[in-house]
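Here you go, one structure.
Residue numbering begins at 1 within each chain, and the chains themselves are lettered A, B and C in the order written.
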Amino acid sequence: MRDIKKLINIISKLDLTKMYNNDFLLTWEKSDDELQGVFNVADVLRKMRENNISSKIFDSGLAISLFRDNSTRTRFSFASACNLLGLEVQDLDEGKSQIAHGETVRETANMISFMADIVGIRDDMYIGTGNTYMRDVSRFVKQGNQDGVLEQRPTLVNLQCDIDHPTQSMADMAHIIDHFGGVENLKGKKIAMSWAYSPSYGKPLSVPQGIVGLMTRFGMDVSLAHPKGYEIMNDVENIARKNATASSGNFEVTNNMGNAFKDADIVYPKSWAPFAAMQKRTQLYGNNDMDGIEQLEKELLFQNAQHKDWECTEEMMNLTKDKKALYMHCLPADISGVSCEQGEVSASVFDRYRIPLYKEAGYKPYVIAAMIFLSKTRNPESVLMELLDSNSKRWRG
Amino acid sequence: MRDIKKLINIISKLDLTKMYNNDFLLTWEKSDDELQGVFNVADVLRKMRENNISSKIFDSGLAISLFRDNSTRTRFSFASACNLLGLEVQDLDEGKSQIAHGETVRETANMISFMADIVGIRDDMYIGTGNTYMRDVSRFVKQGNQDGVLEQRPTLVNLQCDIDHPTQSMADMAHIIDHFGGVENLKGKKIAMSWAYSPSYGKPLSVPQGIVGLMTRFGMDVSLAHPKGYEIMNDVENIARKNATASSGNFEVTNNMGNAFKDADIVYPKSWAPFAAMQKRTQLYGNNDMDGIEQLEKELLFQNAQHKDWECTEEMMNLTKDKKALYMHCLPADISGVSCEQGEVSASVFDRYRIPLYKEAGYKPYVIAAMIFLSKTRNPESVLMELLDSNSKRWRG
Amino acid sequence: MRDIKKLINIISKLDLTKMYNNDFLLTWEKSDDELQGVFNVADVLRKMRENNISSKIFDSGLAISLFRDNSTRTRFSFASACNLLGLEVQDLDEGKSQIAHGETVRETANMISFMADIVGIRDDMYIGTGNTYMRDVSRFVKQGNQDGVLEQRPTLVNLQCDIDHPTQSMADMAHIIDHFGGVENLKGKKIAMSWAYSPSYGKPLSVPQGIVGLMTRFGMDVSLAHPKGYEIMNDVENIARKNATASSGNFEVTNNMGNAFKDADIVYPKSWAPFAAMQKRTQLYGNNDMDGIEQLEKELLFQNAQHKDWECTEEMMNLTKDKKALYMHCLPADISGVSCEQGEVSASVFDRYRIPLYKEAGYKPYVIAAMIFLSKTRNPESVLMELLDSNSKRWRG
């Protein structure tokens, strides 16, 4: 308990005022204090749950989930986070392929939000649309609230868009902080965010972009590695570069997996699609050009197959710091000889890191809960103290 | 707070005894006091939520939703209402086209109701079946309760049937009452419930029927306008006529949109299918005659297309009282040049009324909550006072 | 209330320690005390609900439901049980036909369980896989908890597998206990668990297996009847035989429906598929041999049709004790002339037992709630007393 109070005390010293009644869309729109606030609140919520203290701040309330793509992990993480805080999730199922237009978005956003406290959106399929869609929804519900249509402004959590995947990257960062014993120990640590071969195509860019956009904030040495042709969004590269400068860290892009792995403290080998190809795909879908999409798929699979050597093998791991870098992945991974013939990582590497990988994933529900908590409490530190003092049990075991 | 207490005081003077442990299926089965009770309780619940006072009357409990047709708005309204009162929604997904028969309905109704406090049903597709189905379910669960099968009688809320759409019409009425500053100001106000052209076919009749069946209760001048061949159910016309006489209002049917709009205080232009055609469609579905249905669809679209001039244009609006009647719609509307080439309403009219339209929709969750509340509390006024006095927060913001 | 306290007193004398933090997978893995505990806790929970006393033991918490087969009744029973105790259900929808493999099961089991208190699984389609799958999930989440991945160990409830259907058989038993006025009155009572003709094929064996595996525990005279070729799993027959010996009851297998019905106090006529055929089907699905499956279906329907005389008619009922044995079924039944041309039971028999049949089904939510309750409370009797004493209302009616 003393532990929890110490954490709450740290939270009380952070400037979190702008998080209240606000969205969480991109990590690089948030201040260092705000990111720190999310990590600390996530930590407090976890410790409260471990100590069987209820952290419900809603007696009733709705969280709308809008998944424009299939998802098990993020869906369960969101549901867990909402349940922990007392919100009931209501899913809005839209046709997967349907790209909604302006007026429809405005109307739907208002119609589902009369009693919505939170809206969680995942829309990562089409370059140029996911994040835009979220901002449209945000703008429309803000307007709805100002116009007296909505009694409250439902705040948004980005559960993955075409640009960033903040709940993933923040959970990953929480895992790194825990692994290295504190955020203060990350300066100079090298992380390799590397492309890896996968026999499937079209994996979103939001994970590598989210990682380089966030990890460069902490003075780390961030190395983004991929074959030529697998460039990420230029804007995100620029953000990473600026971040690295500001935090006295480093950001480099290389076309050599080994260079990135060399002396790395952390490796994050993961497949993604080339940005340009995803842009093209968005256009093809827009034109409903199914033949074009099939053709593009073939090209991308062929292109991928040129880089089967981009695999996180034991040999690659041997290049890393003391041969034992922390291996990370957002899961599910393409494991060679297990989930596919050849993939992102060899079975022995994956297997050795299974427990840390599962723990990495376990941060996500708390990170989401913290994002919601901070958008819904004007004085998070006093609400946390209230919860702690009331000592209401989560579970009468 | 004084405001809320005043409202509760008004509620205490209404005779609401027959609403307890009872269904809400058709507005014309309810007394004036009962309708007033719904409006007032909806108002109290909204004010309590605005003042961050919890109105949970269930610590645990289930609300079954049974949507025999797609729905986003009504689904979310029902979920919001249930959540506000502490009920968890459990959806029963039945095949859309399946028209259940007697014994199956009886068994299913009981099997899903062991711990059900509320059952919300939407079944508006087939003339002659929706309301009948609801009455079957109601009868079977009442019987189940009497036989000792069910510990409680789950009460029903009609979320749209083939005859009425009471949660819609009551929400619409709440909007009108608010707009004109009180139910006492509605006497003599003219409302035009008018058919309007739509490029789609088979839209349910429950909205116009619900509107003329309800609005004639308040001494209003109700004008139902449609092209020849778009008659609504004869029974509902008779009810509207009787209502109008009883409330010293007026009810007329015209085949001229302009006549209805002339000097109207409120206009409600909306497409619907001819009753006779819907009867025919029910038969065709019953016979599984898919060719017949396709043929009927063609005929109906052709028939609709003869009446493209039935559009709520600026010219039509200029006919209304001071050229600024309140424009209403249950949404989504077919907006000319926006959601279709030509439709029910011109874009400039719709756009001018967007905020009131959204507000109109915003009454529905509260109206549903009030219906549930009144069917589940023997002394609604004292339960409301209890909630107010306990002053339990909905949200620790 | 005195009634409830008496029941809690009985519970306090049972040895239920091994149920805490444990799964409920097969009734024959549970001690007599443990089965008794489930019946008694179910009874207490029902009486508390009837007396409007909240039995929520979770302020927040998740129950994961994993239905690998369609289900309305069990789904609603599970949802009701969870809601009663304060758990929110989160459904995991997997492809119906997908048979998950080792690593995927391990990963998914952990990924959905970060905040899961309970996992309810139904997997009854494929012989040799359902129960195995449950044990895999159980093993993996236990391991996850030990490895520090999961903060708690989510316990499992078997909502029907290929071997047993414990929530069904326990609900059936609760019904029998109630009918005969106490478990002490069951000694020597004869129950006929009989195969019956159905025009559909491939019905699971878990019901007859669950029934003979459980009913033989209470000194009853259990007669399992089926045509040759409809044998159940050999292992379960052996368990039934051992149970009968231990409880000084009797277990016999006959190929004559009349023999089983003769002087029976209870009859449970129900169709099922031959075990050997279901084994073959599992192989065919494993090989994705759709032609083979179609062929097998034809053979099974033909085989079924040889035994149309296995129907629970009035004549058959006349063979039973005083011509009025208690007729039981897990529902839905194939009723001759009602849900099919010819089926398991004649309409007049079914109709006469409709109310008891519905009541039989009504035990399931409470049996499931009791299983969850006992796996989640270290001292069930004191938690029940706490709930009773706090006298918190389920519903402010």
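Following the convention adopted for this analysis, a residue touches a chain if its C-beta (ideal position, glycine included) is under 8 Å from a C-beta of that chain, and two chains touch if they have at least 3 such contacts.
Quick caveat, the model's predicted, so the values are computed rather than measured.
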{"item": "Any chain in contact with chain A as well as chain B", "value": "C"}
{"item": "Classification of the chain A:chain C interface as same or different, half of numbers criterion", "value": "different"}
{"item": "Distance between chain centroids, defined by C-alpha means - chain A, chain C (Å)", "value": "41"}
{"item": "Chain C, residues touching no fewer than two other chains", "value": "88"}
{"item": "Chain B-touching residues of chain A, taken from the complex the two chains share", "value": "57-62, 88, 90, 92, 103-104, 107-108, 110-112, 114-115, 117, 144, 147-151, 376-378, 383, 386-387"}
{"item": "Chain B-facing residues of chain C, complex", "value": "46, 49-50, 54-56, 72-73, 76-77, 79-80, 83-86, 88-89, 331-332, 335, 338-339, 355, 358-359, 361-362, 364-365, 392-397"}
